[in-house]
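My questions will all concern the structure given below.
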Amino acid sequence: MIIIVKPEVRRGAPEIQQILDLAARYPGVAARLHVVEGSTRSLMEVYLIGSTEEVPLEPFQELDVVERVVRVSEKYRMIGRHKGQIDYEGFQYQGVTFDQETLHVAPGLCAVDTREHAEQMFAALQDVGITTTRMGAYKPRTSPYDFQGLGKECLPFVFEAAGKYGIRVIAMEITHESHIDEIHTALDAAGSPTGVLLQIGTRNAQNFELLKFVGRQQRFPVLFKRGMGITLEESLNACEYVASEGNSRIILCLRGMKTNLGDPHRNFVDFAHVPVVKRLTRMPVCVDPSHSVGSRARAPDGLSDVQHVTAQGVIAGANMVLVDFHPEPGTALCDGPQALTLDELRPYLEDIAIVREAYEKRRKLARDHASSARGAGA
Amino acid sequence: MIIIVKPEVRRGAPEIQQILDLAARYPGVAARLHVVEGSTRSLMEVYLIGSTEEVPLEPFQELDVVERVVRVSEKYRMIGRHKGQIDYEGFQYQGVTFDQETLHVAPGLCAVDTREHAEQMFAALQDVGITTTRMGAYKPRTSPYDFQGLGKECLPFVFEAAGKYGIRVIAMEITHESHIDEIHTALDAAGSPTGVLLQIGTRNAQNFELLKFVGRQQRFPVLFKRGMGITLEESLNACEYVASEGNSRIILCLRGMKTNLGDPHRNFVDFAHVPVVKRLTRMPVCVDPSHSVGSRARAPDGLSDVQHVTAQGVIAGANMVLVDFHPEPGTALCDGPQALTLDELRPYLEDIAIVREAYEKRRKLARDHASSARGAGA
Amino acid sequence: MIIIVKPEVRRGAPEIQQILDLAARYPGVAARLHVVEGSTRSLMEVYLIGSTEEVPLEPFQELDVVERVVRVSEKYRMIGRHKGQIDYEGFQYQGVTFDQETLHVAPGLCAVDTREHAEQMFAALQDVGITTTRMGAYKPRTSPYDFQGLGKECLPFVFEAAGKYGIRVIAMEITHESHIDEIHTALDAAGSPTGVLLQIGTRNAQNFELLKFVGRQQRFPVLFKRGMGITLEESLNACEYVASEGNSRIILCLRGMKTNLGDPHRNFVDFAHVPVVKRLTRMPVCVDPSHSVGSRARAPDGLSDVQHVTAQGVIAGANMVLVDFHPEPGTALCDGPQALTLDELRPYLEDIAIVREAYEKRRKLARDHASSARGAGA
Amino acid sequence: MIIIVKPEVRRGAPEIQQILDLAARYPGVAARLHVVEGSTRSLMEVYLIGSTEEVPLEPFQELDVVERVVRVSEKYRMIGRHKGQIDYEGFQYQGVTFDQETLHVAPGLCAVDTREHAEQMFAALQDVGITTTRMGAYKPRTSPYDFQGLGKECLPFVFEAAGKYGIRVIAMEITHESHIDEIHTALDAAGSPTGVLLQIGTRNAQNFELLKFVGRQQRFPVLFKRGMGITLEESLNACEYVASEGNSRIILCLRGMKTNLGDPHRNFVDFAHVPVVKRLTRMPVCVDPSHSVGSRARAPDGLSDVQHVTAQGVIAGANMVLVDFHPEPGTALCDGPQALTLDELRPYLEDIAIVREAYEKRRKLARDHASSARGAGA
C-alpha cells in the first residue's frame, strides 16, 4: 500500500508523522518513507509493508496531507510501476538528472591501473564534454590470482583528478560494505570534487547483505548490474532489497547473460530488456556494451559490435551507457581486449548521437499517434 | 579452395568446363560451380571441396578464365567470408535485391486461415507500397492436436491474390520436401504471379535432409531460421548444407533463442548477432521480432517491445524484417497474441523508416572515418 | 477420451467397429484405435481426439465390449498416464520385452565404418550374452563435409552379421522417411534375421513430418532421442506425434542437454529425468551415457564418467542403455573419443549388474513400505 | 609450485620457517603454509603463489625437511589435484572424517522456525544414529518481504539441543561475515556442544569478500554451494578463493543449475558432476537433492524423485547428502513443498544404504580390475 503525500507538504513536516502513527496501529505492518527529489518537484510516498491486506484505505485518505492511497501488488512494491501512482521523475545527483527520459554516456576505465591513465581518460572526456564516467578500484575477478584492482589506494588521485577535469559522477564497483566508507572518506578528504554511483556487480547481484547496506545509506545512488545467470525477475527483486532499505535511487544495468547461446559474444546481449525494465519499474536503464560483447570485432559496414549493441540499447530508450575505454588497451590489467581507445571516443559519441536523435523521433511519433488516437476517441 | 572466374566470362561458357576438368584430376576433390546473379554483375566461383590441402594453386591460376584462386579455411566454405574473395553483391529474385546493404520489411500472416484475411493483408501491404510478405501454409506445431495450417489447399488463392495486389515475394515455411513440389505446381498453375522464399523453421534447423533438398533446387531462395537451442556456429553450418548442394541464395533469420533468461519475452532476443552473421558470412540477415517477443506489451514511451526489437535489428544493419500482422489477431489460429493489427502497419513502417535512416547515417559516418583514416595513412 | 475395450475382445472383432461408428456421430471428433501387445495380455483402447468436451461417456459405457471410459487431460493424450487407465505392460518386439520394469543394455557402434568392426562388435556381444545393440548407418553431422555414414550400403552386411551372432534388435538412426524403406527392403532381403528400432535423433526431435512417418508404420518400434535444446514437455509432445499416427511402441531416450552449464561434459547429463518420464508417460526410458559425457575421463575411484552416469540412469530405473563401443576407437569416423573398447565391455556390464540389483532392491523396499502402509491403513 | 614437507616434521617446527625464508628471496612470490589433518597422518605443504615461473626447484629440494617439490598448473592451485602430490586424506572435524571416500547424510531443517521443530528433528536423527545435520538460521530469500530466518536468536537453542541429541556437525548458511562471529560466540556460550560447517549459498558463490572471510578463519570448515548460473570452473575458482586465504577444509556441494531445461524439476540436477569434481580437486563432494528437485513427486516404482536423485549422487560416489526434512512441511516458512517428513527418514536412509553398498562394490570391482591389469602388465 502506498500513501502519496500532497506535493506542497515539505520534507520533515510534522503531518508526515501522522501517517506513520496511524500506520503503527496496524499489527504486522511497517511504514517506510520514500522521498524522491525530482528536477521540478519532489515526491513523498509512505510505503506500508507486511500484512497490509487488512489495512483499510479510508483512514489514510481522510488525512489532510494525503493526496491518494494506492494498493499495490506484491511484486516490486517499491521499485515497480503501480496503477494510480504519481509519475516518477527520476532523481538528481551532482546536478545530473537520471531518469527514464534522458541519456548519459559514461565511458571510462574498467580498472584503474595508473594515475596517468585515469588522467588521460578524464582529459579525453572533458574534451568531448562528458561528465559521467566509470572507474574500477575494486575488481572482483574469477581467479584469486588475478589483479584485484588498486583498491582504496587509488581513490585520492582518482577523485582529485575527476574534480580537475570536471567529472561529476563516477560509477565505481564495490564488493564489500567497507568500500562505501573508504569512498566516503576519500571523497571528503578530497573536498568532494565529484560524485560516486555505487556499482553492484553481477557476481554480487544476490549478495543481499551488500544490497541492504547500499540501501541503508543515502549519500550515493546505486548502479545495479543484472545477475548474469538469474532471471530478470530475480534481478528486479534484488533491486527491491536496496529500495526496501530506504534508497530508491537505483539504476538497473543490463550487461549480457551467461550462456553459450550468445557465442561468439562474451555474453548473450540482453538489451531487448530495456523496454521491459522501463515498463515494470521506474528505474532508469543502463546498458554495458563492453562486457556484453567482450571483443573489438567489426562488421563489414565498418561499425564494431560494441557500437552496434550500444546503438541497440539507445534506439530502445536506454538511459545510460557504461563503456570501457583505455589509453592503451594492450597494457590494461583487466578486460583490455574489449576496451576502445581514446581516439575512438569521438566517433563513438557521434554514432550514439545519431541513434539517440532517432530514438527521440520515434518516441515523439509514438506519443503523437497516441494523443491523436485519444483525440479521435473523444 | 575457391577459383574465381573473370567477370566477363558468361555462364555456360566452355572455359568453365576447363576448370572442372582440371579439378577432376585430383582424387578426393569435388568441384562445385557457384553462380550469384548480383544487381550490377554476376559472380562465378568454383569451390573445390574435400582433400584440397595437396591441390596446388598454380595450374588454376594459369587458366585464362580465372581471375584469382583463394585458399579458404574449413569453416563455412561456401557461405563464409574469405580473404581475397570478390565482394559479394547478394542476389536478385523477382526483381527484388536481397543483400547485406538493403532492407526489406515482410509483414504478413503467421498462418493463413481464410482467403479474406490473406486478401486483407495483401491489400494493406499494397496500400503502403510493400511487395514482400510472409504467409504460413504449413505450420509445425508443438502439439499434434493444434491447427497445422491449411497446407496446399490455400496455395491457389494465396498466389492468385498475391498477384492481384502486386506482392512479389512470399516467405513460406515448408516442413517436408513434398511441399516444394506443391508450391512449384500451385505457382505454375496460377501463372507464377509471385515468388516464394522457402522458409526452414527453427524446428528443422538441423533437419539436414530437408536442407539438402532446398539446396538441390534452384528455383526458390531459402530463408533459414536459426535453431532456437543450438549455437550460432551450428546454425551457420546448417546453412552450409544448403549451399554445399548448390543453392547459396540463403537469408539467415534471427528469431530469438529458447532460454528462460529471456523472460518475460517468449524467446531471448538475439539481434546482437546481426553484425556477427554479416561478418562471418555473406548472407543477408533477417530478424523476426514477433516470435522473439511473443507479446504486444508496450513501454512507457508508447512503443511496443515488438517495435523496439525491430528497431534494434534495423539499427544494427538487418536486411529484412519478418513480422506477424493479422486483420483480427483475436481469431488467429496461431500466435495471435503477438500479431499486430492492420491499423498498426503504417506507424510500424514509419518507425522503421526513422531507424533505417539512422542506420544509413551511421554506416556513412563509419565509412567516411575509415576512408579518411586510410587517406591520412597514405 | 479413452474407451478401454474388454480384454477378451480380440483384435479385429466386429464390435470394435461399433465403437468407431458411435464416435463418428459426433462432429469434430476423430477416433483412433490403439493396440498394445503386452507379454501377458493385449490392450485395446479407442482414443477420441478433437472437440470431445461435449461427447457424453454413457453411450460408450453401455456398449458390451467396453470395459471403461476415461476422460483425459489435453496433455500427452496417447503416451501419457491417465487416471483410470488400465496399467500398461509395455511392448514386445523380436521376443524382447520393452517396458518400464525391465533393463536392456545396447552397446554398439555409433557409426558403422567397416564390416569387420561390425562383426567384431557383434561377436563381443554374443560372448557376453547381449542381443540388443546400436549401429549407425545414417549419421547426421553438424558439418556437411564430415563423414555422413555408409548409408544403405552397409545394411546387408550389418543385418546378415546380426543374424549370425544372434542379435535381435538394432537401434538405428534414420534421418529421412526413405531410410525406413531401405531398412525394410534390406531386412527382407536378408531374411529378417534381426529387428530394428528406428531411432529419431536429437536434431530431428521436432521434425514432425519424420515423426508422423515413423508413427504411420507398424513394423518397427521407435527410439526417440530427446531434443537437446527444448524442454522435456516439448520432447514428450513430439512423441505424441508418433503415437497419434498409430504407433505407440516408443522408447524415450535421454541424451543430455546442450548448455555450457554441463561443462566439461559434452552435454548436461539429464538422467534425473528418468523417474519424471516414467511418471508422466507409459514409455520405457533409455539413457545414452556416451553422448552425454563425450569423453573417457575417469574419477579417482577408478570408474569412468561414462560408467558413473550409466549407473545414475540405472539406479533411477532406466530401462535401456545405449552406449558407444568400438574395436578401435582411435580409427572411428565418428565420436571415437567417447567410445569404450571391447575389452571394457565385460567390466562395464558387471558394473551395471551391481547397480541394477541395487535398483531392484530399492524398488522392492519401496513397494513393501507402500503395501504395509496400505495394510496399516485398512 | 608446491613444496611438500616430510611427514615426520611437526607443525610449528622451525624448519618450516627455512622454507618460507627461502621463498621470500624471490620477488613477486608469496608463500602459504597449508596444513591438512588427516585421520592417519597430517600433511604440510607450502604453496608458492605469484610469478613462480622463474623460481628454481633445486634450492627447495635440497632442504632437509622437504620431501618433494611439484610445479603445478595455474588452475586450482590449492584445491586441485596435481601430479606428484601426496594423496590427500581429507580432514577431520568434530571426530567426523570428511574426505572423498566416506559418505555422510545430513538431514535437517532448511530454516529453523521453532525450537520444538529443531528438537524434533534432532531427536529423529538420534533415533537413527545420525550426527550430521543442516539447520538454517540466516536465509537469503529472493524477495526482501519473505521470511529471512530467525538469525542469531535461534543459535543458543539450536546449539544446546544439538548437544543434547548428540549432533556433531551442523551445516549452516551464512550470508555475512558477522554471522561467523555470532556463531562463534553462541557456540562458545553454549560450551561448544556441537560443530558448524559454514555454508556459502549459491547466491554468494561469487561473493569473493565473504569467501575470503571464511578462508581466513580456521575454526570452521566450509560447505560451498555451487553457483547456479555459472560454470563448474567458475565455482571451483571460487573455492580457490577460500583455500588461497588459508582454509582448505572445503566441501563442494552440487545443488542443481538454473535453467528451464531441467523442468519440471526446480533446478537442473547436476550430480553427473560428482566424479568430475573428485577428479579435478581433492574436495569431498556433497549433493543437495531437495533444492535440485524442489518437489515431492514420485515415480510409478514408488520412489520419489528426491530419493532417485539422492541415489544418483550416492551411486557416483558422493560424500555427503544435504537434505530437507521437516516435522510439519505444511507449516514450514521456507521451501516446505520439498521437505520430507520425519516418518520418511528411516526409509530414506535404508534406500541410501542399498545404494551406498552398491557404490562400494563398484569401487572395489574397479580397483580390482585396475590392480589385476597392473599385475598383468608387470
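A, B, C and D are the chain letters, set down in written order, and residue numbers restart from 1 in every chain.
In the analysis below, a residue touches a chain if its C-beta (ideal position, glycine included) is under 8 Å from a C-beta of that chain, and two chains touch if they have at least 3 such contacts.
These figures come from a predicted structure and were not determined experimentally.
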| item | value |
| --- | --- |
| Rotation angle superposing chain A onto its copy chain B by C-alpha atoms, nearest 5 degrees | 180 |
| Per Cα centroids, the chain farthest from chain D | B |
| Computed distance of Cα centres, chain B from chain A, in Å | 38 |
| Mean-CA-position distance for chain C and chain A (Å) | 52 |
| Between chain D and chain A, distance of the C-alpha-averaged centres to the nearest whole Å | 37 |
| Multi-chain contact sites of chain B, meaning residues that touch two or more partners | 229, 259-260 |
| Contacting residues of chain A [partner chain D, same complex] | 49-50, 74, 77, 140-145, 175-176, 203-204, 206-210, 227-230, 234, 237, 240-241, 244, 258 |
| Complex contact set, residues of chain A against chain B | 81, 100, 229, 231-233, 257, 259-265, 268-276, 278-279, 292-293, 297-303, 305, 307-309, 311-312, 315-317, 347, 350-351, 354-355, 357-358, 361-363, 365-367, 369-370 |
| In the complex, chain B residues that touch chain D | 259-260 |
